[in-house]
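You will see chain A twice below: alongside chain B first, and alongside chain C after that.
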Partner chain A sequence: MVKEILKGLALTFQQMWKKPITLQYPEERKLMPARARGRHQLQRYEVGMERCIGCGLCSAVCPSNCITVVPAENAEEDRHSPGERYSQIYRINEFRCIFCGYCQEACPVDAIILTEEYEFSAYSRDEFVYDKERLLVSLSRQPQGADRSPEPIS
Partner chain B sequence: MKTETMTLNMGPQHPSTHGVLRLVMELDGENIVNCTPHIGYLHTGIEKSMENRTYHQVIPLTDRMDYLSPITNNLAYVLAVEKLLGLEDVPERAQYIRVILAELSRIASHLVALGTHVMELGAVTVFMYGFREREQILDLFETATGVRMMTSFIRIGGVAADLPAEFVEKLQDFLKIFPSRVDEYETLLTNNPIWLRRTRGVGLLPKEVALAYGLSGPNARASGIDWDLRKKEPYCGYEKFDFQVPLGEEGDVYARYRVRMAEMRQSHRILTQALENLPPGPYRSSDRKVVFPPKDELHTGMEALIHHFKLATEGFSPPTGEVYQGIEGPRGEIGFYLVSDGGAKPWRVRVRPPSFLNVQAIPAILNGCLIADAIAAIGSLDFVLGEVDR
Partner chain C sequence: MPKIKINQREIEVEPGTTILSAALQSGIEIPHFCYHPRLSIAGNCRMCLVELKGAPKLVIACNTAVTEGMEVFTDTPKVVKAREGVLEFLLINHPLDCPICDKGGECPLQNYTLKYGPTQTRYEEGRRIYSPKSLGPKVVLNQNRCIFCGRCVRFLREVAGHEEMGMFHRGDHVEVGTYFEKPLESVFAGNITDICPVGALTTRDFRFKVRVWELNPQPSTCSLCSCGCNLVLWTKGDRVYRITPRANEEVNEAWICDRGRFDFHFIENSERLKTPLIRKEGELRPASWEEAYSFVAEKLSALSKSGGGRSIGGILAPSYSNEEAYLFQKLLRETLGSNHLDSRFGPSSMANARAHEKDLQMTSLSALEGTELIVLLGEDLTREHPVYSLRVRRAVRQRGARLIVAHSRPTDLDSIASYVLQYKEGDEERFLSSWLRALLEVMPFESIPEGLEEERWSALRAWPASGAADVPEEDLRGAAELIVRAPKVVWVIGEPKGRGASFPLSEDRGQGSSTGASADSRSLTANPSFLERAMDLVLLTRRGQEGGARVLLLSEGGNSQGLLDMGISPKLLPGLRQLTPDEVGRVEEAWGVSLPSWEGMDGRQMLEAARKGEIKALYLVGMDPVGDLALGAEAEEAIKGLELLIVQGLFLVRTARLAHVVLPGLSFAEKDGTLTNATGRVQRQRRVISPPAGAKDDLEILAEITARIAPSRPTPSSPAEVFQEIAQRVSLYKGLSFEEVRETGACR
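So, the complex of A and B:
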C-alpha cells in the first residue's frame, strides 16, 4: 500500500528537475499562429487604395450581425477603391463579434482579415465599436497579412 | 424515536458540480435518500437561435454547447446537414482531418474530465499534469483553426482549411510523448490506495439502469454496455481504423475512470493511424451549391462569383425532410435532429445531448450513497452544463 503512494511521490519529485512550462505573460508572449483570429483589419492595395468594395458579404454572412457596411459610389476625382463602389461606413462591434472568421472567408477581395491582435482593453464601451478609420490599415504601415492575399483584381 | 430527513442544497455555485448544476438532496444522517437535479441556469436558447440562422451560420453556435469538445459538436451538426442534403462527395482528406480533430478533442475532453474529477477528490497534481497535455492539444487546435476553443472549423462538405505544415510536426511531437504521460497519470492513480477507496464500489450504475436512462459513451461502457457509434454506425471512415472499444464491468466510479484512460490510449492509436495514412487531395467538396468556391476562382470565373455571393447572402436550401445523425462524442452520443421545410434556415434543430442524459442518471446513482461520495459520483459522470441547458 505504501509502495504505491511512494511511487506516485517519486514521480512528482522527478518533476523538480524539469523545466517549467509556465509562460510569464505579459513579459513572455506566445507566438500566435498565422491563422490566429483576433481583431479585424481592413486591407489596402500596395498603391494605397482600399480593398473594400462595399459589397456587404461580410455583414450578410456574419452569424452575430456585428458588421455594418454602407456602400457609396466612387467619384472619379475622389477614388477610394478600384471598383465602382467603396464602403462609406464600415463598422464592427467587437463586443458582439464571436471571431468565427466567416467575414474573412466571405470577402471576395480579401479586404477584411483577422489579425493576431487579441488583447482588448479600453476605458469605455464605445471604444469597442470600431469604425472604418480604426479598422483600416494605415498608409505608412506595410499591411499585415498582405502575403496571404492573392493578386488584386483590376 | 422520531427522525426527520434534512434537505441540503448543493450548487449552483458549488465548484464540484461542473458548471451551474443545482442538486437538492434529502439526507438521512450521512446517507442520501433522494436527490433532485435542477438544471437550466445556463440556458441560452441555442436551439431556438439556430432557427434564425442559415445552415452555414449555425456552426459557430454548436461550438458553444459542449465547450470542452467543440469539434465533435461541429462534426455532428455538419454530418446531419450533409445527410439532409444527400451530400456524399466529401473528400477522403477531409474525412481524415475530421477524425484527427475529433480524436484530439476526445483526448482533451477526457483530460478535463479526469483532471477536475481527481482534483475534487483532493489530488491537484493529476489536474495539473492533465492540463499540461490539454494545453498542447489546444495549441494544435490553434495552429489548425486559429483559436483554441471555439473552433468552428468543420464545414458542410469538408473542413474550413487544409492542415498547415507545422500542425503535422506538432502532432507527431504530441503523439510521441502522450503514451508516457498517460502512464504518469496511471502511476499516480490506478493502484493508489486512497484513490481506490474513494472510487471502488462507489456510484454504482448497473447495466440495466444505464440502459434504462439511455446513457451512452464511457459511462455506459463502464457498465458493460458494448455500444460505440464509431463501431456500430461508422461515420467519417472510422471503419478503416483499427481500435478497440474499452469496456468495464462493475459500473462504479473506478470503472468509468479506467474506461476513460483506456479510451485515451485508443484515441492515440487512431491518431497515429490517421496521421500515417493521411491522404493528399482536396479538403472540401467541389459541390458549388453548398461549398464556397476557392478564392482564386473568384477573380477569373463569373459562375464562381455568383455561387460565392449566393452562398454568403442566402445560403443554400436543402430538400424538405427530417434527419437524425449521431456521432460518438467524448461524453456519449451527440446527435442532431434537423427538420427542414425547404428554406435556407432549419425549421427546427433538436440536439440529443449526452450530458443531459448523464445528469438524468444522477438520482439513480446517488440515492442511498454517502454524501461524501456524491462528489466522486458526479465527477465521474462527466457532463458539461453548457450542453445540458443549451
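So, the complex of A and C:
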C-alpha cells in the first residue's frame, strides 16, 4: 500500500520540475508545425493579380462540399486573374470544412492554401462562411518575392 | 456481309462500313477527332490510327472500308506509340490550360490525352498564338485551342447548308473562321459548339457560368415549335444552365436550332408571377390561391348558369401540354358547356382533320427521305421549323429529291429549289388558283383522283380566276409538271400567319430572341381558306390509292398538333373528330357526359363577340392578345367589356394587367406532361427544376377549378391520370401510357 503511494508521488515530484505544457493563451501562442492545416487563404501574384482561375477543382474534390466557386469571364479592362476565367464568387464554409487539405492539393495554380491559423471564433455563425474578400491575402501582407508573376497563358 | 476481326473479336458489318464505325457499332473505342458519324469523312487528325494485319503501315480507321477477313488491332505497341505521337503533336500548340478552358470535363482532347497521351511534353519553343477573331454574338472562337479537325466547317456546309465558316491558309499557318470575319448567322450555329472536340468553340450564353461536372443532365422536349426536338436540360439546383440536343433519329437526329438552345432564360426572370392576383376596387391585388380558386369557380359557374356556355370562351397557347389542353377543353366543354375554344387569334382550319381522315398526314420524317419531290407551300421552314429544314435539305442535296418553294418572301431553301414561286403577300388565293389551273392543264385526265367529291370540284370551280399572277406562267407550269410527274410528293404546308396567329410566352421573348424567328414570321395576312385550298391542291394531285402524296401541316407553337388532337378548336372534338351533332351524340354516349353540340367561335370571333357583349368571360392561358402588335388595340377594346377575364401565365403581360384574375403558372422546365409534334410523335416534357414558390402547376390549377365547379364528378389531376383518361377516350392515343412515352417518344 505505502509502496504504491510512494510510487505515485514519485511520478508527481518528477513532473513538478518539468516545464508545463500549458500555454498562457492568448499571451502565448503555439508555434504550429510547418504543414499544419488551418484557415484557408487565396494567394496572389506579386503584381497583385489573383492566382485563382475559378476552375472549381477544389470544390469538386472537397469531401465535405464546403467550397462554392462561381466562375466568370475576365474582361480586358477588369482583369482579376491570368487567362479567361476567374472566380466571381469563392466561398468556404469553415464549419463544414474538415481541413483535409485536398483543395490545396487539387489546385492547379497554387491559389488556395491552408494557413497555420486555427483561431476560429466569431459572434455569429454566418461569419464562418468566408467569402473571397476575407480569403484573399491582402495586398500588403503578401509575401515579398515569394511568388512568381503570372506566366502568359495563351 | 464482310466479317472482320477487331482485336480478335469477330464482327459482321454492312459492306462499305469503315473500320471506325464498325468499331463504334460494336462498342470498341478508337480515339478520333475529325470523324463524326453525321458528317463527311475528312481524315485529317490522324488520331484514329490502327494496325491492319498484313499492312506495312498503320491506317486511319475512319477512312478505311472493311474488307472480308480483315484483322484490325487497336492496341498494339505500334498503335499506342503512334497515338501518343499524334497527341504530342496536337499538344504542341494546344494550350495546356484545361483548368481555365470551359470545355474541361467534357473535352475529347482532354480525355484522350489522359488515356492515350504522353505524360510530358518535349516541346520547348513558343506556342502558336492567334489574335482573337469574333464569330458574332452566339459563338466564341478561341483559335489557340483549335486542332483544325474541320468539324465546324463541315457541319455548316453539309448539314446546315449555311456555308459561313472555312479554313484559311496552310500548314502551320492554318486558320479557321467565318468568311470576311462576318458574324455567324445560321440558326444552327450553336451545334458547332457541341461537336467541336476541343474548347475552341463555346457559346457565349453558357461559357464560364458553371463547370459541366456540377450539372445534372435531364431529358426533355422542346416546346417552341412543333418539330418537337429532344433536349437535354443541364440543371444545377433550381436553375437551367444550358440546353443541348438529345439524339433522336425520328426527330432532330442530333441537332437543335439556336432558339431552342438559347431561349430559356425567361424561366429565371425575376418578374415571374409568384402569387395570384385578383382585381379589387379596380386594382390587381395579391391574393391567396384559395381566394383565387373560389373567385374563379364562383364567377364561372354563375356565368354559365345565367348566360349558358355561349357566354364563356377559352384560349390556350399552343405551347401547353396535351394534358393541360385536355383538361382545359374538359373544363370548357363538359363543365361549362361551351365550344368557344381555340389556341390562337387567327382563323382556324380543319385541314389537320381532313389530312388525317384521308390518311395523308405524314407520320414519320422518313417519308421525306425516299421522296422524289418536296413542295413547301407558305412555309419558311428554316425560320419556322428549323430542324425539319435539315431533313429537306438532305433529301435534296444528298438523295436527289427536287424541291419547289412557294412563299411570299424569299426563304433560305430557295437556293436549292428547282422552282421558286414567289407570290405577292396577301395574294395567296390568286396564286393558288393560277397554280391549280396550271396543274389541271398538265394533268392527264385519268390521274384525277376519283375520291375527290363533287362538292370539292364545285369549290374548286368557285376559285377566283387567276388574274395577272405575279409568278411567271412558265414557272407555274414547270412546277405543276414536276408535281404531276413525280411518283411521290411530300407537301409541307405552313399555316397562314395571320394577325396575331400566336403570341410569345413571355414579355422578353422576341426581343431577346437570338434568331428573331418569332418576331416577323407573321407575314401572310389572315386568309381563312389558304390551308383548305392548299389541301384541295394536295388531294387533286394524290395519285391512286397507294398514297403517292403526303402532307406535313405545320402550325406555330410547340404543341399545336397536340392541342388539335385534344380538341382545342371550335370545330373539333378530341381525337380530331368533327364537331357535328351526330358525332357529339356518339361521344356523349361513349363518355357518359353531356357536351354542347353547337359550333363554337374561333379566337378572332371570340374577341369580336366579346366586344359586342355576347361573350362575357374569357379564360386565356399563356396568351397576350393586348401585347400583340397587330391585334393589340382591337383586343384591348374587346376585353374591356368582359365581366370576367382570367389570365394564366408566367408574366404580368399587358393582357394580364387588364384581367380580373391572374393565375401564375409554370414554365416548360417546371412541369411534367406530353407534347405531340407535327408528325404525331408523343414525347415527354419533364419537370427538371422546382418552380418559384407561389406559382402552381397549370394542370393543377385547371383540375382544381374544374373540381370546384363540378364537385360531383371526379377530375384527374396528375399528368399520368389525365393521360390515362386521354388514352381511354381519344382513339388516336389508344394504347399509349404515360410511362411508355419514354426518352424518344411514341407514335400515336
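Some notes on this structure:
In the analysis below, the second predicted complex is superposed on the first by the 131 of 154 C-alpha atoms of A that agree within 3 Å, B and C clash if a C-alpha of one lies under 4 Å from a C-alpha of the other, contacts with A are read in each partner's own complex, and residues count from 1 in each chain.
Basically, contacts are C-beta pairs under 8 Å (C-beta built on N, C-alpha and C of every residue); 3 or more make two chains touch, one makes a residue touch a chain.
Note that the structure is a prediction, hence the values are computed from the model and not measured.
Of the two partner chains, chain B is the only one touched by A:21; chain C is not.
When the shared chain is aligned, no partner comes close enough to touch A:135: not chain B, not chain C. Between chain B and chain C, more residues of chain A are touched by B.
With both structures placed on the common chain, the touch criterion links A:99 to chain B but leaves chain C unconnected. In the overlay built on the shared chain, the residue A:71 is in contact with chain C alone; chain B does not reach it.
Look at A:34: by the touch rule set out above, it reaches chain B but stays clear of chain C. Of the two partner chains placed by superposition, only chain B is touched by A:7; chain C is not.
Once the two complexes are laid over each other on the shared chain, residue contacts for A:60 go to chain B and to chain C alike. In the superposition on chain A, A:113 makes contact with neither chain B nor chain C. Put simply, chain A uses residues 55, 57, 60, 108, 153 to touch chain B in one complex and chain C in the other.
Chain contact summary for the complex, chain A toward chain C: residues 53-57, 59-60, 70-73, 83-85, 108-109, 153-154.
For chain A in complex with chain B, the residues that touch the partner chain are 1, 4-5, 7-8, 11-12, 21, 32-37, 55, 57, 60-61, 63, 98-102, 105-106, 108, 110, 114, 150-151, 153. Put simply, chain C touches chain A in their complex at residues 95, 97, 99-102, 104, 127, 129, 142, 144, 207-211, 213-214. The residues of chain B lying in touch with chain A in their complex are 53, 56-61, 125, 132, 135, 142-147, 150, 152, 160-161, 164, 166, 184, 187-188, 191-194, 292, 295-296, 298-299, 305, 308-309, 312-313.
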